[in-house]
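Take a look at the following structure, please.
Here the chain labels run A, B, C and D in written order, and each chain numbers its own residues starting at 1.
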Amino acid sequence: MSVHDTLLNRLKRGCETMAYPKGPAPALPDRHGGALKVEAAKCDASCSACVTVCPTEAIARPAGKPVALDLGRCIFCAECVTVCPTKAITQSNDHRMAVRQREDLVLGDTGKEQVRLAQALDEKLRRLFGRSLKLRQVSAAGCNACEADTNVLGTIGWDLGRFGIQFVASPRHADGLLITGPVSKNMELALKKTYIALPEPRIVIALGACAIAGGPFIGHPQHHNGASGLVPVDLFIPGCPPHPLTILDGLLRLLDRLGESDARR
Amino acid sequence: MNLDPLNFLGQTLALLLLAPLLSGCIKNWKAKLQNRRGPRPWQVYFDIAKFLRKDMVISEHASWVFSFAPYVVFLTALLAGLMVPMINAPAPLRLFGGVLAVVGLLALGRFFLALGGLDPASAFGGMGSSREMTISAIAEPAMMLAIFTVAITAGSTDLSQIAQSTQSATWKLLNPAHVLAFAAMFVVLLAETGRIPVDNPATHLELTMIHEAMLLEYSGRYLAFMEWGASIKQLVLMTLLVNVFFPVGLAGPQASVAALGISLAAYLAKLLALSAVVVVVETTNAKMRLFRVPDLLSTAFVLAALALLSTFLFQ
Amino acid sequence: MKRDTPFTLLTNGTALSWADVPEWPLAEFLRNVGAELGRGERLSSFFGVPEGDALRLVAVLAFDAGNTLAVGRSQSFSGSFPALTATHAQAHLFEREIWEQHGVVPENHPWLKPVRKDHGAGPAVGDFFRVDGREIHEVAVGPVHAGIIEPGHFRFQCAGEEVLHLEIALGFQHRGVEEAIAGGPHRATVYQMETVAGDTTIGHATAYANALEALAGTEAPLRAQWLRAIALELERLANHTGDLGALAGDVAFLPTASACGKIRGDFLNLTALLCGNRFGRGLVRPGGCLLDGDTERLSQLRKRLETALAEVQQAAAWLWDAASVRTRFEHTGHLHAKQAAAIGLVGPAARACGLVRDVRFDHPTGWHRFAQVPVSVWPDGDVFARARVRWLEIQRSGDFLREQLDAVPEGETMSSLPALAPNSLAVALVEGWRGEVCHVALTGADGKLRRYKITDPSFHNWTGLALALRGQAISDFPLCNKSFNLSYCGFDL
Amino acid sequence: MLLTFALWAYVAGMAGALVLQRAERLANVLGFGLAALGGVCGVVFSVSSLAAGRAVTIAPVTLWSGPIPDVRLVVEADALSCFFVLIVSLVGLAISVFSLGYARTYYGRKNVGVLAAVFNALLLVTTLVFIAGNLWMFLIAWELMALLAYGMVSFEHEDREARQAGVLYFIMSHLDAACILLGFLMLAQAAGDFSFASLRGIGAKLSPQQRDAAFMLFVIGFGIKAGAVPLHIWLPVAHPVAPSNISALMSGVLIKTGIYGLVRVCFEFLGPPPMWWGASLLAAGTVSAVLGVLYALMEHDLKRLLAYHSIENIGIILMGIGAALMFLHTGHAVLASLALIAGLYHTINHAVFKALLFLGAGAVLHATHTRNMEEMGGLAKRMRWTSLFFLVGAVAISALPPLNGFVSEWLTYQSLLQGFGTTTSLVRLMFPLGGAMLALTGALAAACFVKAFGITFLAQPRSDHARNAHEASLPVLIGQGVLTAACVFLGLFPTAFLKLLDPLTQQLTGHQLSQQLTLANGLVLSDATAQGGTVSTLGITLMAVYLLPVPLALWAMFGRKARTRIAPTWDCGQRGLTPQMEYTATGFSKPLRMIFKALFRPRREVQREYDFSPYFATTLRFESHMEEVFQTRFYRPVNLWLLRLSRRLRALQAGSLQAYLIYVFITLVALLLFAS
């Protein structure tokens, strides 16, 4: 592989990193569906078809109140969308789902048809991590799909490094913890020790349905149904696994690096 | 004792500011060669500024040596930098040390870096220190022999003197002794700054790290000083390579402002050219097996010995 | 050719009633299994079925040469049983698992340590094997690793840089998948099957679907089987490309590492084109496939497949041309064919040691009965061989996809699944990209799943990594580990 | 006058310690106190005489003249002897202060009185060797020194290793005494008189073959004493077993008597040296330096490691002296004095930092009851001051700026570099190659002391002794402190010290070099050529302090609010790090053992036992050994040959009287033939 044809090939291909967030976001696969939208008005009180069909009991019907869909527990299997007679629950094809508070993920009340997107960090943390955020990833049970999609962010197409965001080897060098998986009992000690090893100020990101509420394994006695019980979580990114675009959007929203292009709410 | 403050202050600032920019440029170009946009060259500044602000977590096993090492690494790199001619031939601390002092200061920095790696009782730090000292033990004689070749032709170990004498006879740059010495120094540069064939600076695998393994336990401002010291050391070695072995365009002692300008431009051009060569070498080579690295460095030693022989034959 | 064997033979993806499974007293059962293993057969699955407070052992053997499977069970017993591991190393992890899950003790098992340590104390607590010698020191690479990989504990016994012994302690990813299926299939079961090992979603989901279809006595429509084969090969392409890139990344060879990272994303997007999820979630269901690809979508898939295969061809060419890469790959992490056969390796790791083992070839089921993918084998058994096998499989999967996408079968993709037959046993093997995925389903009298055993290929291969490291330099461990690239969550379930 | 007072102090100390053996505490204070007093007087005397610049400080004085004519003990002190008296007194002073505290460990166990007495005797006899005026004085003092040192090596005679080391030391000492005796007899036979004054320049009267023979005898004799390779095998065996204060004295001072003898003979007695003398010394020095440090790297016994380093530093000194002899041959007297200054400066540097390291090792030994580094660790937090002193010694011996090791090696580099231009014959290639080997030695020494300091003092304690070690007593710390101060002074103020060497170089090479070596009124050290290289360790330290505000300003500007928190070491999230997971000393140096395996010839055996299947080992044992190349390749064959020869010779003792008469007759006839 001589030097010559590496350089030649490189010049021919040019830069393959996407323009986003300066340019338009790459399209989600058409059958992906993106975030769910719940219009409580359309939902008639008597039917509870979606509640029975959801594999992770993400949909609940509190008495007297319209349907409540917890996007944190949802694994985006879209069973409820197909089975709902009145199309109260629809797919919005919107990749933006990251939130700062856990309760923002519960949709259904008036005004909460869609996810309230995450605000940026407060002034002090943003000044500190705005242009240099080093994350330490901890995989605590789960199925390795979220890790794969976080790895994809490092490839030349997404190129996370251009935002100054980098995954580092030692927690001593890290500013934040990115947790995937429902935190099995066997990984509880390791997660706590990693969190302690991080120097303050530090942030925690729960990535994927497992890390938020246990994902497809919700309720199993072998794990803690997500990281929020063990460490204070600053950012929730739902999905099973969340599309790389959703993860990147969450990270940039946290650092207020999205620019004016599509900052909504 | 002509320690004029302007030259001293100018070079100190240049060292502090240029070093992170240079390592940032190298990272950026490596990314460009992989068809990605990559981190911006001044990203290293943001990282260092953030580390300075952050809190520190120190291991319970670490002793006072652990906290002393970052300052030693940072200051020795800075001092070595002040003894190497950057823009005009007489370096600010020219009187306080020639090439032997530069090599000695860098060795002192490495000594404390290795101790800092061993202190927190983690196996990775011990592994990093052992590998770092092994590689430097083989690299130093090669570097010393290359420097001797140049020093002997110049008749002194004072860097400014060497630069000026090599500069005066321009054909001297092409004689085999000089070329061989330059090649040997280039290999030593790759080994000392932990570049790809020897060590992968951007690796994530603690078991393969050499330089990075010793920094695993550092955080906050200590880590900032360590990273900054390492980038200054890289700038010092590159300046040594560029201004002493290839001193084209280096301004003389009492140079006019115009001459200084040209010298600055020539220096930056040479520095970026050398960085480009380093980047291409890093992109087209895989990391060597750890037991092959001494063979690479012994070839550097043989190159330097041949350089020495050729001064004797061709003089 | 049918060999005379006391076991009942059945082909892959079929079921038989629980009564037809031959039953022997414990000692005789173990003697029969030992005899078959002595003849060179392979143990696909070996587990316990609790009956009251007693236990009944069930063994599923794969007669690769005979292209058939064999099943046998022991009478119920309690207390302990003579271990097979003393003479047949491939049963060692299965017996440890039986001990951990059911408490029956395998007598004089040479390495009786918990597998996942799910009751109480976490994994990697027990006493590790110690090499005695003055200059020996331990290197412990703990659950949390430097990069973005799953947690596992590696305890090296080193003399300086040389590794004398490596012991791997897993169990950190244990989520209790098997325990949750009992009494199933529940609503969440199919989703849990897809997330047993995220990068082998299609492999595990197809095995689960085949097992249930076998128990229900039906078969998925032909076009669904065709779609499953397409998705399985796309998953293999994506993972092997990712591995080639990761191997190049581990030796810091940037051109191939960066190129393959991007191309893996392209292959995942092809799967997403079919079913919306990059890992193929929501495609395979018992009874067929939930989503279908119309001609326009399939032709778009065919075109993008062509460009991706061309790019991976270019990236791999760089890798094989670079001499500095070849010196790192060759003679690293060597494993002999005899060792590989003794510990029962499967998948690319086994084929890289020269063993011809491929479920698509030995036990074809579904669409593989009609379309053949040649077996990619390489003799040396080192990191270079494992990389070459991956490269051969990428080329052959590419050819298979081109050939299949040019001849799309007709028919609908989904059929309803009748109730499961009671008291019957089904075995489903699928050649996942890491090797043989084995699902064994046993229904009770009420037609509900009484016992469901999943064996991920990593369950066989982790011992291979521990063996490959002996005598290597510790700085080569990440390279050897990535050349196997085994699943931690598939092992821990 | 001061010198006689010092000698009498030693005698009094010896006598006092012997008499008061019973009262250990008193004997300790009296013995070592008087030794310290003697040391102070010796230092003041030598510094004042060297500073005064007088060529001859004490005219020849007869101490004792016996009944046999011209068998007199004459004492004479010139600049060279004053310099070495300075070394013995300075190191003796520091060690005696150290021993006040260290000897307490022997209370009740060993006889402290004898230890103090022999210590004083050793100091007395060594000083006499340096100021010996004539042959008898020199040889008698030399022999006494060897005997006393043998006594000390087998001081802890209960363990077999010490006894064997003592025997080996005894044999080797008498081997070198024999060679020196033969050499001096050849010179005295030519000069007709035994006084050193008459021996000066005697070489001119000898035929070239005789001069070369005399030179070879002296090189072997003094080489054994100094411990140059291949005559070094006794050093790493003898020094570690002696009590720490004595091994500090032996390593710091006793091996310097070999250097003193070599300089005295080569520069004064044997006249203008041929080229091959200097070249052979330079080669021997280079080989000693490289092999010394390579063997030191492989050691995990702290004191053996330091002993091997003595061989390395002796090699560096010999390189300086060899280069000086070569320059004398080629007529470059200025360069010769530069090389000589480099050699002698390194002699005093080595005496100081090696004694400091041995004292540090002694303090650590006392705290952890073991010499094996693999059982130490974590001492930096428990023995804060000892670790600081050991670190200063380690930085000095690794020739790192700004301490004294760097200055003497800088001078050696300069002399080697300028040596390249002195001749046109191929031999000039030896200089840069010698320089490269010196660089290799320096780098390996740095690696060795990272290992020594790191494994001994840092990380977690590896044994209970190390865990509850505590700081040494005050005198022990003061002893080390004195030597640390000496290291720092010799490092930062070389120009001041070089003035003391002026009378010495004047006497030996006829040049005073301190003015040419000093620039910027004493701040900068130059290499005595017009545009030559300069270095200023004081300048570097001042600049370091001057630049310290840069990181501090950054800290103040950015990180004022940053807090520091103590947490467990990052262990990848497992249950916690055990000492077993720390790096071992042998593990640390394993890569270098692999690189230099041609020299070490490592052999490794792995015993793997398993009950049932090879995949599940029950026990695994790993042993690796290195071949002692010199013993197996050189000394053992010589031993076997000697034994065979002596067995054959025993046949001569036939036991019959007639046979013996015939032998006498034959020798008589032979002598007659020879005499005519």
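In the analysis below, a contact is a pair of C-beta atoms (placed from the backbone, for glycine too) under 8 Å apart; a residue touches a chain by one contact, two chains touch by 3 or more.
On a predicted model such as this, the values are computed, not experimentally measured, just so you know.
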| item | value |
| --- | --- |
| Number of hops, subunit B to subunit C, where each hop joins two touching chains | 1 |
| Centrality ranking, top chain (CA atoms only) | B |
| For subunit B paired with subunit D, centre-to-centre distance based on mean C-alpha positions, whole Å | 35 |
| Centre-of-Cα separation between subunit D and subunit C, whole angstrom | 65 |
| Computed distance of Cα centres, subunit D from subunit A, in Å | 67 |
| Inter-chain centre distance, subunit A versus subunit B - centres from mean C-alpha coordinates, in Å | 42 |
| Shared interface positions of subunit B, touching two or more other chains | 33-36, 49, 53-57, 123, 127, 130, 204, 206, 216-217, 220, 283-284, 290-291 |
| Residue list for subunit A, restricted to those that touch at least two other chains | 1, 6, 16, 138, 156, 167, 169-172, 187, 189-190, 194, 197, 199-200 |
| Set of subunit C residues in contact with two or more other chains | 137-144, 146-147, 151, 160-161, 255, 258, 322 |
| Category of the chain touch graph - line, ring, star, complete, other | complete |
| Residues of subunit A touching subunit C in the complex | 1, 6, 9, 16, 29-33, 53-56, 75-78, 136-152, 154-157, 167, 169-171, 181-182, 184-190, 194, 215-218, 220-223, 240-241, 243-244 |
| Of all residues in subunit A, those that touch subunit B in their complex | 1-3, 6-7, 10, 13-17, 128-129, 131-132, 134, 156, 159, 161-162, 164, 166-167, 169-170, 172-173, 175, 197-201 |
| List of subunit A residues in touch with subunit D within their complex | 138, 170-172, 187, 189-191, 193-194, 196-197, 199-200 |
| List of subunit C residues in touch with subunit B within their complex | 137-141, 146-147, 160-161, 248, 250-255, 257-258, 322, 324-325, 327-328, 473-478 |
| Residue ranges of subunit B in contact with subunit C within the complex | 30, 33-36, 123, 127, 130, 196-197, 200, 203-208, 282-292 |
